[in-house]
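Labels A, B, C, D and E are assigned to the chains in the order they are written; within every chain, residues are numbered from 1.
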Amino acid sequence: MRLAGVVLIALVAGFLMWATRDLPLRGDPQSPASTHVSVYYIENALVDSKTPNMVTAVLADYRGFDTFGEAVVVVAAALSCLLILLRRRDDQGVVDDPDERRRIAGGADP
Amino acid sequence: MSQIPALIPTSLLLAALLSLLAGLRSQRAGHAVAAAGIVVSFGAALLGMWEVVSTGQSIRYAMGGWIPPIGIEFVLDHLAAYMTTLITFIGVVVIFYAPRSIRFESPGKATFAYPSMALLLAGLSGMALTGDVFNLYVFLEIAALAAYALLAIGDRGGPFATVRYLLIGAAGGGFYLLGVGFLYFSAGTLNMADLSAILPELVENRAVMAAAGLMVIGLGLKMALFPMHFWMPDVYTNAPSAVSGLIAPIMTKVSAYAIIRLFLDVFPPGFFTETLPITATVGWLSAGGILYGSILAIGQHDYRRMLAYSSVGQISYVGLGIGLANPIGLIGGLLHIVNHALMKGLLFLIGGSVRLRTGVTRIPDMKGLGKAMPWTMYAFVIGALAMVGIPPTAGFFSKLYLLIGAVEAGAWIWFAVIIASSLLSAVYFFRVTEMIFRDPGSDPAETSRDQGGEKDESTPDHPVGEAPASMLIPVVILAVGVILVGVFNFAIISALLESVVAPLEG
Amino acid sequence: MTIEFFAGRYPYILIAVLLGIGLYGMTMKRNLLKKVIGMTIFQTAIYLFFIQGANKMGATIPVYAEELGTEPTAYMNPLPQVIVLTAIVVGVAITGVALSLILLTYKRYGSLDEEVIIRRMRESA
Amino acid sequence: MDQLLHSAPLLAILVSALAAVAIPLTGERRRNLRETWTILASIAKFGFVAMMIPGVLAGERYEMSLLEIAPGVELALKVDPAGLLFATSASFLWILTSFYAIGYMRGGNERKQSRFFSMLAVCLSATIGLCFSANLLTFVLFYEILSVATYPLVIHAGSEKAYRIGRQYLIYAITAGIALVGGTALIYGLTGTLDFQPGGFLEAGLGAPMLWTIFALFALGFGVKAGVMPLQSWLPNAMIAPTPVSALLHAVAVVKAGVFGFVRLVGYVFGPGLFGDMGAATVLAVFAAATILLASLIALTKDDLKARLAYSTVGHLSYIVLGVALLVPQAMLGAAFHMVTHAAMKITLFFCAGAIYIHTGKKKVSQLDGIGRQMPVTLGAFGVGAVGLAGVPLVGGFVSKWYLAVGSVDAGMLIFLGVFLVSGLLNAAYLVPIVTRAFFRSSPEHTGFNEASLLMVAPIFVTMLLSLLLGIHPDGFFQFFSISEAIVEAVTGTSFTGGG
Amino acid sequence: MTSRYDSVFLDVVSRGVVPLIQIFALYVVTHGHYDPGGGFQGGVMLAASIILLRVAQGEESYERFPRAAGLYLAAFGALAFCLLGFMPQLFGGNFLEYGYAIPPMEAVELRYWGIFFAEVFIGFLVWGALVAIYDALATGGFD
């Protein structure tokens, strides 16, 4: 089982190495990634938003929606940690009281 | 320019944040805000669907006004309209169901649960709408984070089950991101439309093949494709019912949807079928998953665990639709997304109602509930019939299309698998149906068999009755939905799905 | 397999190895915390993959400099950096949630060993 | 009126569906009102069905398409002679069964009566729906609804045994249903159409393996309901259901749905020509013939009255299947007509069995000595039904058996003629002694005239009269014989010059 | 003296270091246009300063930075970012299309400020969220 796992992982790593044959060489300035969309960012960041730092321009403007999503991820993480770890005494009763649980379980909607 | 595509996820995000702030003051206010936001986004999704269907054009929305591929694009096309409507609809139903159930099953967690639900829906609808492969990853993780938290707040085993899910989910997200990397470094863009223009020249490129493989593996992990499903039963067994009712119907489906989107809209035609045998692989794994899930579901004593195993099988139907890769098969798979969402949501919510009233989660203990909770149980029967695939419920038609697709593809083994699994699901669902409509207490020997599952100590001292209105109405809505989708399935197909599968024709 | 091949591609190989190590930690280790560490290594490998792809020989950081103008080859590719930034934040978020879950698991079962936890789960059920 | 006539197929289906909803809503407390719904619905349904008979005989085909349920396949209704024949007999007998069931349920003080009447109405809706289905998908749809809706009726008793039998019933029914869905998908995938065509629409070009697969799936699907051996074992067990159910569903509606499926399959999907050429007809005929003989033999051994009748049903259903499988016009005519005559006679017998049970608590044949003196009308009707099933002239069974026998001679298969004759004798052997015991042996228990309630006796009397009428003047009652002829004409293209 | 270890060194050093960290963090947040940096990086630093306080001073730190503050900060930051995204929609732009935010102003200028505020909001958000995560973890969780 353990061996099978190691073999599988080795296969994944080997697969990646196999696939990198067709990736651009390290630092190739003519790679597709460096010649297609990114050129626009480099050439226009300053013109479009007076921002010399292209990373910031891409981050907050061109792909601002990613960043917005990312911000939501952070909030979601905080919210998740609180949800997992904390318990709030609800404004509608004490939470661990069996009587309260029974009250919630029975009867119609409050 | 129509603002609808942006409105669907952002109204949910806004609702989540406001609900969080309001919830810190009053739990009820928090719920109201979250519910309002979900209803608004459901309205937006309906409007968007109306617009797409009536014009026949997809709505393209450039985020931040940057024309793709410079910026991020949201695309509300037929398929996305289909998914967002489904996602937000399930959201609406569950959010109204949730308060009572969450307060009972996860005391003290309600305040943060509603914003998390809204975030989950936002993430999923964002995944459905985005036209950018990296943006999809971001929304995938929003949905995943919210889901981890929501799934963990149920029973005792919840956190541990969720850690395992989280590790799988992180691996899935990681593989997907790695695939995005391979794609980006080969093609130089992240926009789906742009990619589909560039990739045909790169068909022989190993990196592109690796990208496709990695992305599908990643999404496959997320969608619980057999044999990567093993986290699912534990997670659903320990999650609060309202959460299972929200997550089980839509979460895995959206990952399946993402695979379909890659298959149809990103990679060149034939890439997933001929260059790399991805659809066939997905299909075979799904065929295994269908049998595995259906067989294991039979042996379960815990209602939720049974549903979880059945989910393993049911999500595989969608996978099988992908595997068939012909128009009618894929229509079957896509239709099954909606069908299964409604059925599984219905069944999980019913489990929650039963638990609220009786504290029971094990099937042998459900004896005689037909008398005590007649409406809920009739809804269960509808759900069970749909699961088995009895007309005119929704389940019948998706299976029929899958069967037809299997015939057209000449996939006789898959044909046999679908038929066999229908039989198997008949076995496990009628077992429950029979149990709930029996007279209670006629056979004490059967109730004392004990293994697995938790029975709450707080056995009810009140007479067990019908679920409260806030939980009954959502259940009834879903039950009616199951039938309506079945009867009017062709309207859905001709309005939305036929144009989706059009690239596969000829 | 020439020297140039390795010269141009050694980062990929290293990254693949790192990824393998991370995966090994995630799947083979029994301790939940070690699994999370493995997950972090796995994610790091992915960040590195993006970062090395942003690299251009002889280019500088993507902050506009008067003397370089807007010559695309003079700056590194900003987009992967943005992606990595986002991915890192996502990774941190996941790690935070994972730690919370592990904390609660430990509280309930008194162990971080997966098999021990599973055994205790069975016992209590 | 014309408008009404053209929407009659749909109305006939909907009216009982409506009743099915109204019945539980009315509830147990106002049971007279609840029973009114059943009666009204059954009469209305029969009215809707019957009003189409003249038109259909004149060559009119009432068609309706409701909505598209799959690409190129609509939920469509089409009234043709075959469907009409079945629909008329089922809906007419529902009226009688309704009265009878009210008497039965009240007499026996049964539980969950609302569910019972409601589900019965659903079953009838489904039956009429499948009669009028214009294509295979609509047919399968109603067929599955019928299977599932029968389940609550089977487990009606609520005992452990009833649940066990219900489970068995469901396994059979669901397997059959899924086989049908599979077959339907197969046909659609291969041909792209599912519409029934008189004379069939499948092509020999599909190749033998594919045709045989289709046949196997459908034979499994219909064979279960039609009780063709070796798929019959659920049917005798299902007799645990209340007698009105056994009478109407397990002697007429449900099981005939399977037989009717074979009619559709042979006549409207494969077409007699292709069905005969590929050799499936012979296979089906052999199975049916074996079923006839075996079921009759088993029936002889059964002491439980309903079990004996159940095996008799198994045998007689195979008469029809055999008649269809012989593929010659005369045999098909006999088969079609036997659907009606068997329905009339068998429902009489079941009604009698139920009346005896409710009135005296007797279930076994050996307990019936002398009961004829106590319940002469019931047992008299039983006698008529019994001799009719045996094929004695002047009762309906004779006419249909005559044509079946003639047909087997026409087909040149004298062995099947032998089967018919032997089984006729066996029929007489297992049914007639019941009557003779009842009337000619005496028992101290049964003295003095003491019939079951009028609600039960009246339907028995009516069905008995119907059986006789069908034998004396086959075309006299709603022109069943003419309709049967029309079916055969449509399927085979032969025309009959005169009536029977 | 309520710090956990009652160490003068710890107390003094933390008191001294925290403001420095925070000032540098604010610089990083606001100077993202010109240098590597921005809301995420600066926000993390801000959070780090608070966490340092928490570690060094224990209970006392809750008086300076209350338990609930993290969550509020995160929620308000995200909310502000969200509203920033909605603002252009009021004037006919798309979501996050800063160029439309305030019609009379020049689009380039608006984008500049849009980026700036986005970074600032993100800074607050990350600050609050990370502190909230730390606080939640530090409680050990309620079972």
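As a convention for this text, contacts are C-beta pairs under 8 Å (C-beta built on N, C-alpha and C of every residue); 3 or more make two chains touch, one makes a residue touch a chain.
Remember, it's a predicted structure, so these values are computed and weren't measured experimentally.
Colleague: When the contacting C-beta pairs are counted for B-D and for B-E, which pair yields the higher total?
Modeller: Most contacts of the two pairs: B-D.
Colleague: What is the distance, in whole Å, between the centres of subunit B and subunit C, each centre taken as the mean of its C-alpha atoms?
Modeller: 28
Colleague: Quick one: report the Å distance separating subunit A from subunit E, using the average Cα coordinate of each chain.
Modeller: Spacing between the chain centres: roughly 19 Å.
Colleague: Between subunit A and subunit D, what is the separation of their C-alpha centroids in Å?
Modeller: Their C-alpha centroids are separated by 63 Å.
Colleague: Can you work out the whole-Å distance between the CA centroids of subunit D and subunit E?
Modeller: 78
Colleague: At which residue positions does subunit B touch at least two other chains?
Modeller: 13, 17, 20, 63-64, 108, 134, 138, 141, 145, 148-149, 152, 159, 178, 184-185, 190
Colleague: Of all the residues in subunit A, which ones touch at least 2 other chains?
Modeller: Counting only residues that touch two or more other chains, subunit A contributes 16, 20, 23-24, 31, 33-35, 37-38, 41, 52-53, 55, 57, 59, 61, 63-67, 69-70, 72-78, 80-82, 84-87.
Colleague: Can you list the subunit E residues in contact with two or more other chains?
Modeller: Residue numbers touching two or more other chains: 34-36, 40, 71, 75, 78, 82, 85, 95-96, 98, 126, 133, 136-137, 140-142.
Colleague: What chain-chain pairs meet the touch criterion?
Modeller: A-B, A-C, A-E, B-C, B-D, B-E, C-E
Colleague: For subunit E, which residues count as touching subunit C in their complex?
Modeller: Residues 34-36, 40, 126, 133, 136-137, 140-141, 143 of subunit E touch subunit C in their complex.
Colleague: Give the list of subunit E residues in touch with subunit A in this complex.
Modeller: Interface residues on the subunit E side: 32-36, 38-40, 70-71, 74-75, 77-78, 81-82, 85, 95-96, 98, 108-109, 111-112, 114-115, 118-119, 121-122, 125-126, 128-130, 132-133, 136-137, 139-142.
Colleague: Once bound in the complex, which stretches of subunit C touch subunit A?
Modeller: 7-13, 15-17, 19-20, 23-24, 27-28, 52-59, 62-65, 70, 72-73, 75, 77-82, 85-86, 89-90, 92-94, 96-97, 100-101, 103-104
Colleague: Going by the contact rule set out above, which residues of subunit E touch subunit B in the complex?
Modeller: It is residues 68, 71-72, 75-76, 78-79, 82, 85-86, 88-89, 93-100, 142 of subunit E that touch subunit B.
Colleague: In the complex formed with subunit C, which residues of subunit B make contact?
Modeller: 134, 137-138, 141, 144-145, 148-149, 152, 156-157, 159-160, 162-163, 166-167, 170-171, 173-174, 177-178, 180-181, 184-185, 190, 451-454
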